[in-house]
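The structure follows.
The letters A, B and C name the chains in turn, as written, and every chain counts its residues from 1.
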Amino acid sequence: MPVTLVLIHAAWHTGKDFETIANILRKAGHTVYCPTLRGNREEDDRSKIGLEDAISSVVDFIEENDLTDIRLVGHSYAGMVISGVADRLERRLRRIVYINAFVPLNGESLTDLVPPCHAAAFAAIADANNGALLLPFQVWRETFINDADIALARSTYDRLNPQPYRTVADKISLQRPLSEMSIGRSYINCQQDISLPHSYPWHPRLSERLGLFRLVELPGSHETIFSNPVRLAQAIWEAARD
Amino acid sequence: MPVTLVLIHAAWHTGKDFETIANILRKAGHTVYCPTLRGNREEDDRSKIGLEDAISSVVDFIEENDLTDIRLVGHSYAGMVISGVADRLERRLRRIVYINAFVPLNGESLTDLVPPCHAAAFAAIADANNGALLLPFQVWRETFINDADIALARSTYDRLNPQPYRTVADKISLQRPLSEMSIGRSYINCQQDISLPHSYPWHPRLSERLGLFRLVELPGSHETIFSNPVRLAQAIWEAARD
Amino acid sequence: MPVTLVLIHAAWHTGKDFETIANILRKAGHTVYCPTLRGNREEDDRSKIGLEDAISSVVDFIEENDLTDIRLVGHSYAGMVISGVADRLERRLRRIVYINAFVPLNGESLTDLVPPCHAAAFAAIADANNGALLLPFQVWRETFINDADIALARSTYDRLNPQPYRTVADKISLQRPLSEMSIGRSYINCQQDISLPHSYPWHPRLSERLGLFRLVELPGSHETIFSNPVRLAQAIWEAARD
């Protein structure tokens, strides 16, 4: 049965990075959207845009297209975004799916959910770059896309765009805990993802905040969107199908 | 070399659920039994049967068939059962194999080994159902058989039978620790099994109670018996072969 | 692009045990050395050789062959050895790769990095064997090579040689933390390796001492060198390629 999926990209990415996966799902008959968030568009002023702008851009997208019964999928930083969207548009959603993504409590920012040394590094980098958060190549190569060869690591790094620091530092406002929502909740964990250290992991540290949730795991790094899109598309389907 | 295996089913299941796997092992030449425990038979009064009845039913089965040199395999709740059987019939066993199964110390019940909130929910459900423990479908679908499609999740749920609460609440009596037994010990861990939360996991929290043991892992949920019987049969063989 | 790899074997092993993997990598065009450490050679007096001798034997090997731009790979105990080599020959190395290997801090011994009960058992065994550390077969079969059949478990056990206890009890001397070195660092984790218990694991407990590092994981036991050399060769390549 064809379904509707909305795929929300990670920090430094755009919706285009989800197109390979979207096309795999479209070939199976599904309707798939992968909009680019406010804050990651070419024209966006990185010093001004915050988390609320990013969330609102998805709320607007869904309302303008009058989408319903949606599987809403978020990767990494987009966990913050889809959590905010779910809080406002729960009636339009069927299920939310987190892919190695942040699961906030009310009043938390993304930087509250990473190791304190990471948060400090983010602040220093943004401070030195007029509010834009950049990712050093060696961090990308070793901890984001450790399963790729160097050519893919380089070509994908070249696709990245600066992330507005406020989108990761702003606290989220949620009316109620995600674990109490009436929609389905899934968590996809890429097993060799060390963008967060395994001593301070995505799963189960953040996933279990969802309460009753469906776990799907696959081999791969944080960036299986690039290193293994076929396998990630399958995982998204298994997480979202009902 | 053909061997003898006795496969003991989980709570809510019967021996029939192991038949697919038993047949795979039989085709390789082995002798395989999968009896249904007291407490899970059609005629059983769910309000009256306890853990001791379940254990005794396997002891009786083994003695009546005069089985020796047995590989005794238990899934989930059956970890309680095979632990009790091993304590009494050690001389008839070659190895005990736990599949995401409880490993008790003397004086513990299954409910002592799950998160306290699960134990409280079990008690409340049994209280409302005349001593029968039922499993809500959403819990089954999301945390027991998260790797299946919805059709398989539904058809397998329809096979389940009510579990006598006393079988999970009764304390076990063991003469000596399992880690001190002279028979081999193996633990099979299905890696996406979140019937126990991964923050409170099967392995290594319970497996390491076996002392020196052999670990075998496979991808899949708590119910790979249904979602991937071929792969689980292979894992059982690797765990039990010597 | 062809590269140079030096593969350093584990305790109880010799360089010959890496030959299958070396040949796979050689067929891809690379130059691969797998010397046998001092302490594991036939003529070595197990009561006299210590960690420093083992480290020096690799330093000498590299200098005598004037190797540069090396990927230096160490398995298990060899993590102690390659850490010492990297501390002295950093300029000759491109990357160090640990395969379920010890990552010491300055002043630590291997026995400081295993569970205290293991360390006590090592000392007692060596004491009873004139300074030679032996590995009981059941420990080998259940926790080192749990993914093999019994025939492979036996034939590989017969290849082992006594390990000089001082190589595992001697403290290492490092000029500076491995995490501060300018060369690349990778950690390969075989996921069913329970030679260290999963409650006291190789990864992330020891791997994260490397600071920024690349993680590669594969299914298999501590001895995938024997049970799955093709897959381990691939993992070594992914860990070492750039």
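Just so we're on the same page, a contact is a pair of C-beta atoms (placed from the backbone, for glycine too) under 8 Å apart; a residue touches a chain by one contact, two chains touch by 3 or more.
Note that the structure is a prediction, hence the values are computed from the model and not measured.
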Chain copies touching (subunit B, subunit C) - same or different residues, decided at half shared:
different
Equivalent-chain rotation between subunit B and subunit A, CA atoms, steps of 5 degrees:
120
For subunit B and subunit C, let me know how many angstrom lie between their CA-based centres, rounded off.
38
Where subunit B touches two or more other chains simultaneously, the residues are none
Which residues, counting only subunit C, touch subunit B once they are in their complex?
138-139, 141-143, 146-147, 149-150, 153, 191-192, 194, 197-199, 219
Subunit B residues touching subunit C - in the complex, by the definition given at the top:
184, 203-205, 207-208, 212-217, 238, 241-242
